[in-house]
Amino acid sequence: MKKSLEKLLNKPLPANPFLPLKAVITDVEELAPEHKKFTFSFLEPSACERWSHIPGQFVMLTVPKAGEIPISICSSPTRKGVIELTVRKVGRKTEVLHKLGPGDLVAIRGPYGNGFPVEIMEGHNVLIIAGGLGIAPLRSLIWYILDRRHLFKDVYLLYGTRNYEAVLYKDELSRLKERKDIKCLYILDRVETPEDEKWSSGREGLITELIGEVELEPSETFVAVCGPPVAYKFIGKELLKNGYPESQIFVSLERKMECGIGKCGHCQIGYKFACVDGPIFPLWDTKNLPEMI
Amino acid sequence: MRKELNINHLTRVEGHGAVDIVIENSRLSEIRLRFTEGPRFFEFITRERLYTEIPKIVSRICGICYVSHRLASVFAVEDAFGVKVNRGIELLRSLLTVGEYLESHSLHLYFLALPDYMGYPSTLLMAKDYPNVVKRGFKLKEAGNRIMKLIGGKTVHGENILVGGFASIPSQEELKKVRRELLKVIPEIEATLFLFDGLDYPDFTSPHTLEMCLNSPSPCLFSSEVWLSDGTTFTKKEYELFVREDVSPYSTAKVSRVKGEPFLIGPLARVNRLFKEEELHPKVSEAVKRLKNTFPSKNSHLANLARAVELLDAAYRGVELIEELLSLYPFEPSVEVNPRAGTGFGVKEAPRGTLYHKYTFDSSGRCVGANIITPTAQLQSVIEEDLKAIVEESLEAEGEEIKKRAEVLVRAYDP
Amino acid sequence: MEFHIDRAKVLPKANLWELLEGLKKRYKLIAPVKEGEKFAFREISDVSSVELNYTRTILPPKKFLLPYRRERFSYDPETMEFKSSFKAEEQVIFGIHSCDLHGISILDSIHLKENPDPRYLEVRRKTILIGISCFPDEYCFCLSTGTAFPDGANWDLFLTDVGPDYFVSIGSPKGDEIVLTFKHLFREIEKEDLELYKRSTAKKKRAFNEENLPDLERISQLIELEYDSPVWEEEAKRCLGCGTCTNTCPTCFCYTSVDVPDLTGKEVKRIEFITSCQYPYYSLVAGEHYFKPTRTSRFRHRYYHKFVGYPYQIEKLGCVGCGRCTAECPAGISMVKTIKRLRGVDEKELREVTE
Amino acid sequence: MVKVGIVGLTGCSGCQCEILNCQDALLKLLTLVDFALFPLAKDGEFDGELDLLFVEGSVSTFLDKEKLLKLREKAKILVAVGSCACYGGVQAQRNDEAELEQMIREVYGKWELPFELFKPSPLSDFVEVDYFLPGCPVDKKQFVYTVASLLNGVKPFFPKLPVCHECKLSENECLLLKGVPCQGPVSYAGCGAPCTAKGVGCQGCRGDCDFPNHQEMLSLLTQRGLSYEDAVKFLKVFRGNSFKVRGLNEKGA
């Protein structure tokens, strides 16, 4: 028998990585039609203490009776004790979740995935690009950066949505606009109502249009992108055109997942697993990972 | 004064039926039994299909007696092609029929008929008060289901019932298990027999004069000869000469008559024949001696008791069939089938009555013509006659009561 | 001179049945049996049904380590208390061919290394693997994948047929224990046995037909470079997407999990069932978006995962050359032929080269 | 209590029979739901709202249609049970081959009938159907799972895997490889492949799996002794109403 296997077989039984922790919903906020932000707290106080994550990581959330779903953490690790998840109602399990309210029990395991390389990003400019629900994991990054603002150079946030109604974290993002330490550019697919007008200052179009307006030295900048799968191709192209290095552009990818820890296979992207090797990938990987975007 | 009584949906029957009764000046002026179920064009959809598809398609005529439809069509195809199966295949087919009777008769007795006599709208609702009776119903059904699943592959529409035999056959161990199970349900069937003997059947004499069934000591054993209670017998090839079908002016089922008369088929006709000809299985005969009701009978309601008698027959036959089967192992699960042009006939006793299939094939084995006569069609006129009689007897009663009596009667036929 | 090595013994063929009887008494014994024209690993109740000269079973012995359908947990949706009903049994899987042992070795890497699965670990610990030598048929290509022989990786005993006897290699302390328990059935090795053993190895190698072997040299690179080859689409046209290739593969491990509530809603079972990358829903995410939308992309993915993915993840090829995916494919699609086509060698040419 | 209805239109009652075979589930359900409408097993008409309605059978008569439309209005959730309700059933297999008039003439010998008919059609031709449980008959386990899920407020999950999946995992010898015509590769699993376990090829009673490769299926069937025409008819027995050889699987190529 090989030594390596002998070692593996003789290890004490590990804790079951599939066993989630009980958590309770403490708050639900309706952000936009079909989009709700849920705040959770673990029932066991020590679990709250122990919890920490990196922006960009996700959890496996058990929706009682319906099943487990992978959801990005949208709260920042710098704010201890709470986990916030923003969930769009798209199907079987999310529908059931949307019916739950404060006091209801769920179960959570994680955090999983690699998260954004925040430590490497320190000391650099950061450009954050969010499309639609993609703002969720990036919200975690935004607050992480803002809470440790001194560690980073200039920060930009580009955010595109369908219209004002679909904008998530409306208050929070409006307030960010006021701040001096982050530059926010918002755009809408359609500007129709006065609210739309106010939100994007009348800007209508695709998020790619904003990239050219960013005043950052590309080689000194890390880019974090999250949005619908179809958007990556265009955003990537535009970023490269503007001189951002491929190895400094990070995208968050979504795949079907059943386990979160590299066992079920559903999330394979080329030779990598989105759950353990991702969900954050440098754009450079697109060259090597067919079907990535 | 004109009174119209309509039963728009007969409940607790397998098909869809309605009864219209018109009473004028305290006299029955019109009565109609209508089958409202949509036609499914079986004689049409079997056309141009290969002979191998026929049993599968006609299986879908009825989900409760699919074994009979499948086998009747298989007999017809084999008749057309001159196929002779071996004894083992024949016995397995009989055993399948045992399964079908156990399931179909116990379904009818416990789930469709029994609530009428126990005063419940449904057997399911009896479960609280009579859990054991309900469970016995399930248990008997299950015994039949297991046999059908074992041989046919599924409980309903098992696909392993083919022209020429079977794709595979059960092992001896599996058959022995079935035998053990059959022996175990025999006491339950006896209990059923006495339960149904003890029920309060309405006094009723059906006006029909003619009864018909296959000439065989058990519906689980096959025959190609048809028996009429007036002493006539004829072969399956002559079926259409005797049983004449007409399109009904108000029902989706066709109407049949023999010698211009309505005629009784089904469990009561079969059991009546066995008594008349003294052909009852000896073990069944023993049990039947202890019953308070007697056969032959013209009380249509006793079809229910006749079903219970047949259940017992089926179980005993099943045990015997398995014994013979075990002595035949190993045998070929199927025989070769070579299609040729021609017409074939198949008759079989389905749980609710005699069934007739006829197909004509071209030389490559594609169907070019079909005729299927179902028990429901053949029962239509005899049930109508019965209804007429029962309504005339009940003219004094309340409308609801008349309806109720009519329903119970129709249900006894399990159309 | 007395010849003696501790890592091997000789089991005279006649003694095998007694060994199996003995094992059956102590453990759940699993071994190949014949079913129809094919073979399957089954729990054995009568050792005389064990089939020693089988080609390949329809399903690999994987099913006794990772059941195709298993309950991960059950839980009470009110309290969110999770319960695992998982139990591992002491079992012996007897008669595993070398390729399947390598297959298990791949599963070991997946389930024991990163994020180890305690369920797998427990089963694995309680399972004794006894291999047996074999000869290739036209579908086997384990010589190319380097899995034709057990390399001392993960089994307990390995029986090599050397004519009158089995040459028994001992791979683990557990294997040793078995030999000790049944001492009387084994004898020491003699020099001739070693000769016979070597000869049988050579004999197996020679039994492969070059035509049935793919060239797997730098296979990862080949698959990557030929990513856009028309061969994929041509082969995929015939693919039914039935999933047989992955379901029968000793190294495939993908599964889907669903929560199944009972009628009363008091208990929910979380069921994992094996699935296949060949099924469209496998890569379906919200918005009806299929990441592998075409038959071609699904077809290609299997090769990609086996020959690029596994090497990246666990530094081993994901294929052990057992030939099941080819032998069982209803459409007759052959892994070896696809690889040969990708290499641009068509069979006629190949014959010309070898002639 | 949750009100459940189980009704049949034009079909063989095999599905309702199969439902009655779910002994354990039924006995449990009796304490959980009210079978408000179940004509096969229960008396009484019911006109109220239904939480959960299971409909068996195809729509072939005017009466069927009326009944279905009325029931749809009363039912919060409508589940089509069995292949007749989901696809039209065997009776719809030649819908594309002939006019209604011809069908009626061949069966009744005349065209004028006292009732209005149309070609056997699936429920979804007339009303919105929430869930489909195909199969001829419906599978017991799937039925119970569906009821359990819906009672718990969760939608049931039915990936449309091919029958080969269940067939292979039951470790059956592949029939196509033995030369027996089998529709497993293009048919929707969920039955547990009972037919192939008996050595009978899958007859496709549950309709198509996701993105079926009909072209290759047909060519495999013709290699197993069926003429192309017979092979098409073989596939059409249960999918006649929806089956088109070309153009059905654009996504699959």
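Per-chain numbering from 1; labels A, B, C and D assigned in written order.
In this section, contacts are C-beta pairs under 8 Å (C-beta built on N, C-alpha and C of every residue); 3 or more make two chains touch, one makes a residue touch a chain.
These numbers were taken from a predicted model, which means no experiment stands behind them.
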item	value
Pair joined by the larger number of C-beta contacts - A-C, B-D	B-D
Central chain of the complex, centres being mean CA coordinates	D
Gap in Å, rounded to a whole number, between the CA centres of chain C and chain A	38
Whole-Å gap separating chain B and chain C, where each centre is the average of the chain's CA atoms	52
Centroid distance [mean C-alpha coordinates] between chain D and chain B, Å	25
Centroid spacing, where centroids are CA-atom means, of chain A and chain D in whole angstrom	42
Interface hub residues of chain C, defined as touching at least two other chains	256, 258-259, 261, 265, 275
Per-residue overlap in chain A, given as positions that touch at least 2 other chains	65-67, 91
For chain D, residues that touch 2 or more chains besides their own	152, 154, 157
Chain-chain contacts as defined at top	A-C, A-D, B-D, C-D
Partner chain D, residues of chain A touching it in the complex	65-67, 91-92, 95-96, 99
Complex contacts: residues of chain A adjacent to chain C	1-2, 5, 8-9, 11, 13-20, 22, 62, 64-68, 88, 90-91, 105-107, 228-229, 254-256, 258-259, 261-266, 268-273, 276, 288, 290-291
Complex contacts: residues of chain D adjacent to chain A	152-155, 157
Interfacial residue positions of chain C with respect to chain D in the complex	35-38, 40, 57-59, 68-69, 233, 237-244, 247-248, 256, 258-265, 274-276, 279-281, 290, 293-296, 328, 330-331
Residue ranges of chain B in contact with chain D within the complex	8-9, 11-16, 36-45, 47-50, 53, 56-57, 60-64, 66, 107, 111-112, 115, 121-125, 127-128, 134, 138, 141-142, 145, 149, 152-160, 162, 166-168, 247, 249-250, 252, 254
